[in-house]
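A short write-up of the structure that comes next.
We just call them A, B, C and D in the order they show up, numbering each chain from 1.
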Amino acid sequence: MLPWEGELAGRLDREVIDSALLRGNPLGDPHERPLWVYTPPGYDAGAATRYPVVYVLQGYTGHVAMWANRTPYRQPFIETADAVFATGEAPPCIVVYVDAWTAYGGSQFVDSPGTGPYHSYLCDEIVPWVDARYRTIPDRESRAVSGKSSGGFGAMITPMLRPDLFGALATHAGDSLYEYCYLGEFAKSARALREYDGDIQRWWDDFRSRTAFTKEADQTLLMILGCTACFSARDDGTPELPFDPRTGQLRPEVWERWLAWDPVRMVDRYADALRSLRAVWIDAGTRDEWFLDLGAAAFRDGLARIGLPGEKVHFAHFEAGHGAIDYRYPMSLAWLAHRLAR
Amino acid sequence: MLPWEGELAGRLDREVIDSALLRGNPLGDPHERPLWVYTPPGYDAGAATRYPVVYVLQGYTGHVAMWANRTPYRQPFIETADAVFATGEAPPCIVVYVDAWTAYGGSQFVDSPGTGPYHSYLCDEIVPWVDARYRTIPDRESRAVSGKSSGGFGAMITPMLRPDLFGALATHAGDSLYEYCYLGEFAKSARALREYDGDIQRWWDDFRSRTAFTKEADQTLLMILGCTACFSARDDGTPELPFDPRTGQLRPEVWERWLAWDPVRMVDRYADALRSLRAVWIDAGTRDEWFLDLGAAAFRDGLARIGLPGEKVHFAHFEAGHGAIDYRYPMSLAWLAHRLAR
Amino acid sequence: MLPWEGELAGRLDREVIDSALLRGNPLGDPHERPLWVYTPPGYDAGAATRYPVVYVLQGYTGHVAMWANRTPYRQPFIETADAVFATGEAPPCIVVYVDAWTAYGGSQFVDSPGTGPYHSYLCDEIVPWVDARYRTIPDRESRAVSGKSSGGFGAMITPMLRPDLFGALATHAGDSLYEYCYLGEFAKSARALREYDGDIQRWWDDFRSRTAFTKEADQTLLMILGCTACFSARDDGTPELPFDPRTGQLRPEVWERWLAWDPVRMVDRYADALRSLRAVWIDAGTRDEWFLDLGAAAFRDGLARIGLPGEKVHFAHFEAGHGAIDYRYPMSLAWLAHRLAR
Amino acid sequence: MLPWEGELAGRLDREVIDSALLRGNPLGDPHERPLWVYTPPGYDAGAATRYPVVYVLQGYTGHVAMWANRTPYRQPFIETADAVFATGEAPPCIVVYVDAWTAYGGSQFVDSPGTGPYHSYLCDEIVPWVDARYRTIPDRESRAVSGKSSGGFGAMITPMLRPDLFGALATHAGDSLYEYCYLGEFAKSARALREYDGDIQRWWDDFRSRTAFTKEADQTLLMILGCTACFSARDDGTPELPFDPRTGQLRPEVWERWLAWDPVRMVDRYADALRSLRAVWIDAGTRDEWFLDLGAAAFRDGLARIGLPGEKVHFAHFEAGHGAIDYRYPMSLAWLAHRLAR
């Protein structure tokens, strides 16, 4: 492999959707959104074949153009995904790279008055748009969603909310067990906000006025502000922090709104949807900085508890932290491709 | 100051109490316990003067003999406490160094079927013992309790439970806001227990069979096992972990037992007791590894909320982590000494 | 700014050079090499205007396609560089993005039997190639070189070796004071090589056989192997480590070969070349993980010692580590653009 | 084992020596020095038996009274050393706990105009003093020196300088391979001194004016100032830093004075002395923060190179960092006890 570029055996279309749902979103983010659609080798030759589809979601602060980024000694997922099909390792699928970026760096793939209806955008606009323009098998049994980190979270919750649309998922280090992945960030945020009189809006104004990420707490505060906008915005869109910014003390009723979005805690509420899944890939690195290896194990245990048969689940802990685990994505893609209906 | 030893202007008696309460304690720890009692300069000369008393509690894994430890460029607290009185910086007090060591490294100064009745030992045995043998002012208005870390926790809860005995307290980085100081340790424990099939008892057997603290997780697991024995032992003494050791997932009913001991959460339940205090010193380092600076601020806010007048509270954040903050102890000792009744 | 893409006011040509010098290089790396050439706004309109040129070098493991990578909340340097000219902040220049990637992740921009003649490739092939195809001012007074990390190193040494070609430079956290930036890595390497019987070739075989950077020591060992190939290869191209891999003990004669490439130590040997420079930008983050802030200060002191007038030097320490300092690049570009002859 | 105290089977005498050599030492440190002498079980009963002696040296900032410090779940070395003899694990020895504290926290056990003649104090005053007052076997074949960290350094160099006195040694993580253990500290020191205008004397004044170790760089700067006083003081006692404090750049002639004290580099100069040793214990933790595991391996290789037979050397790497390795001391003590002549 030469490092500078890779050729695809399939084809990548860089599309734009004009979203009706995202028009007038509260952060003023564009309603014309990029969408990248990959068709596997043979797609253009075959006239009638229809394909399963895997929708891919990104982690926090990810946007779709970053899928083209190149790192040394590794290929972008677009290329390693292509290789899964080009080598015949797995039956061909369409792969859709979703963009749900917001001014806060992400949407968590939920509908929120704080950011916009990104869940609906995915389910009610992107999916029909793809089905209308590509030779998909337009059926939940042939449709999966996958992602890493916040994208893994999206991959867990979307089929719970819309089992009519998605019949399989893959989550790599997906956000879960919120007491472990978020509370430490709350504590750090409360400390960092001392410099801003406990007012995260003042930090946000500061952040936008200078080069991003030149202060140590920027990453943490951005993520906390963004997730607050996703999980606990007021009806008027104002993000309401789940903790007292001066002491870090939890605001129980707001924190409950967050916990209602914890995939581990959602399992029982969405047991029917989850039991209907044909394939669930769960993995995480054993040293994940947000303890998402624990969340992964708890999610797996939850699926077992509600009765999803073990043969439908692939679970793995692997030796890694949270970063640089993109080499896991083609593994779950191949696994899903084998399990989607054809 | 020469580094090797320091002379006291007052006197330190190294006593032993034969505790009736600790006989037959579940861990088989000694019921004959050391107790160090310091009398200030002038105590032996004066025949009739009676003195306020400050009881000092230690952090986790501390035992009373460690007060004699010497570190470079600093004096032991026994000597800096003595200096507070020898220099006339504060009016004289008796200082009592309490030992509440257990096989697990600590007792959290509570009564528990998992460790023993250490709270009662302090309140119903040590206090009367001291009052009977030393010229104390045997009154809550003249009696304070102070400590650091777990000792700071003990200093917060003991006057809540026994306002009849204690009228003042000082807490340095005392355990509080359990979601921040403990949950991260649960997560680390769950990971560390992978090596022991999720069985903390197997770790404990291993720990006792080899040199202590030669495995990275020893400190964390010891503290979690010990606090479990203190906060959530079954009636038969068996420690019941507040989380599933395989996934880290909280066991809500057990975790609630822990939260019932969170000083921040106890404030409202013990509002009358707390409002009766004449002096409360609260401090913590701004970089405390267990976020006890947040707990300190939340405890202060709690006291304000229930109506303890601000002039009775001394609050400080100082630039430090959790360790090596013994230089704060003589500050709070002097402050308490000025505020105890004479 | 929208995150997905940026439009350039100028033009970026993605070219390929067929290098005669790199043919048959020892690592079997391609001799057809990418080269990106940026022409500023107005270039295409003006028929006769000629422009100064700034050559940009990358850090270790960088290759030219990575300049297109997008990160959240920041624009790629290609766009921030374009903005320098588009806004009129600085007079227009041509900017050339050089690629000197090797199988080991870099070439340090030197000629070496271990990697290939990358210094000569830059000076004797790229520069003439650009001058022949673009309306440059083909003169040292109008030609600068800049870079970060290993690229900053390249920017320091290239004008020393070829003052006939380059009259200005900018180094951001450039490798220097080798006792601080490299020795710690030697120590870590010696430890990491225990797993490979002290044989870095065995690590290299392992590294190429699996997903890169899944072992903690990969980054360190790659950089040490690569720099060894650059600085102390034998005539037959074999990299000769500057330390005994079993103990870390320095091999003085090999280490001397490295030190001969320390920019700080080169200052006196190349005093005439350095004194002839018209502009030198030096900066580094105060928390640079490789202590390159010290190297930067020492290089500045060296320039003062040999008599380069202070007004020709811009020196800055800024609050940052080694990473994510790309926002500094347009600053030095604008500064150079003002100082190059027109 | 109860945590509060331990009883010795042998006897520990806490003595004081009035040192003629240390009178008028440059730092004004006491010339009356503590010395602790341990005699093994049976010593007092037996009238005629004479014993080998092991002299024990401490690490930087250690003073003799710290041997009595207690830590949780471990016994002080004084007690674990006693147990070596009480259990019959090894033949009885006298153990001498040496104090070489200075105002800078240590002496490195060398003679220096910056601190005082601590090497001579050990060899020419302590050893004769002990031989005169205790039933020692007053012979090099029966006399060993051991220590950890700076004490391990002392244990390596003292027999090199005085093979007439010492015939065996044990070094735990002893200072060596100075490029790895010291250079990183120089770099950190140069950074820390920015706050003091590059003047370490200003830091020293600050350090003495406030509570020690409340600034992050205190530990590093103290050690560097102290070692400078030991290794590169001018004749008038002024410490001369081995680096330019503004840039960290090495001052080669001063750095050479340090390197002349690197045990690894001393091996060839003192080959005869080292070859005469009857027993050498070398160990260090594989994660030692100062890379002393590398120094240990290099020292071992040096001994092999000069021809010390392998059976006279015990070498071990063990899984640990630099701290909390006191459990290794009784191992080397027992090993030495078996190898000293009787």
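Observations on the structure shown:
Note that a contact is a pair of C-beta atoms (placed from the backbone, for glycine too) under 8 Å apart; a residue touches a chain by one contact, two chains touch by 3 or more.
Chains and their UniProt names: A, B, C, D = Alpha/beta hydrolase-fold protein.
Quick caveat: nothing in here was measured; it's all calculated off a predicted structure.
Inter-chain spacing, taken between the CA centroids of chain A and chain B, is 45 Å.
The centroid of the Cα atoms in chain B and the matching centroid in chain C are 56 Å apart. One simple way to say how far apart two chains are is to compare their mean CA positions; for chain A and chain C this gives 36 Å.
Contacts between chains close into a ring here, every chain touching precisely two others.
Every pair of chains that touch is listed here: A-B, A-C, B-D, C-D. The residues of chain C lying in touch with chain A in their complex are 2-5, 30, 34, 61-66, 68-74, 99, 101, 105, 211-214, 319-320, 324, 327.
Within the complex formed with chain D, the chain C residues making contact are 177, 179-180, 183-184, 186-187, 190-191, 194, 244, 246-250, 264, 286, 291, 293-294, 297-298, 301.
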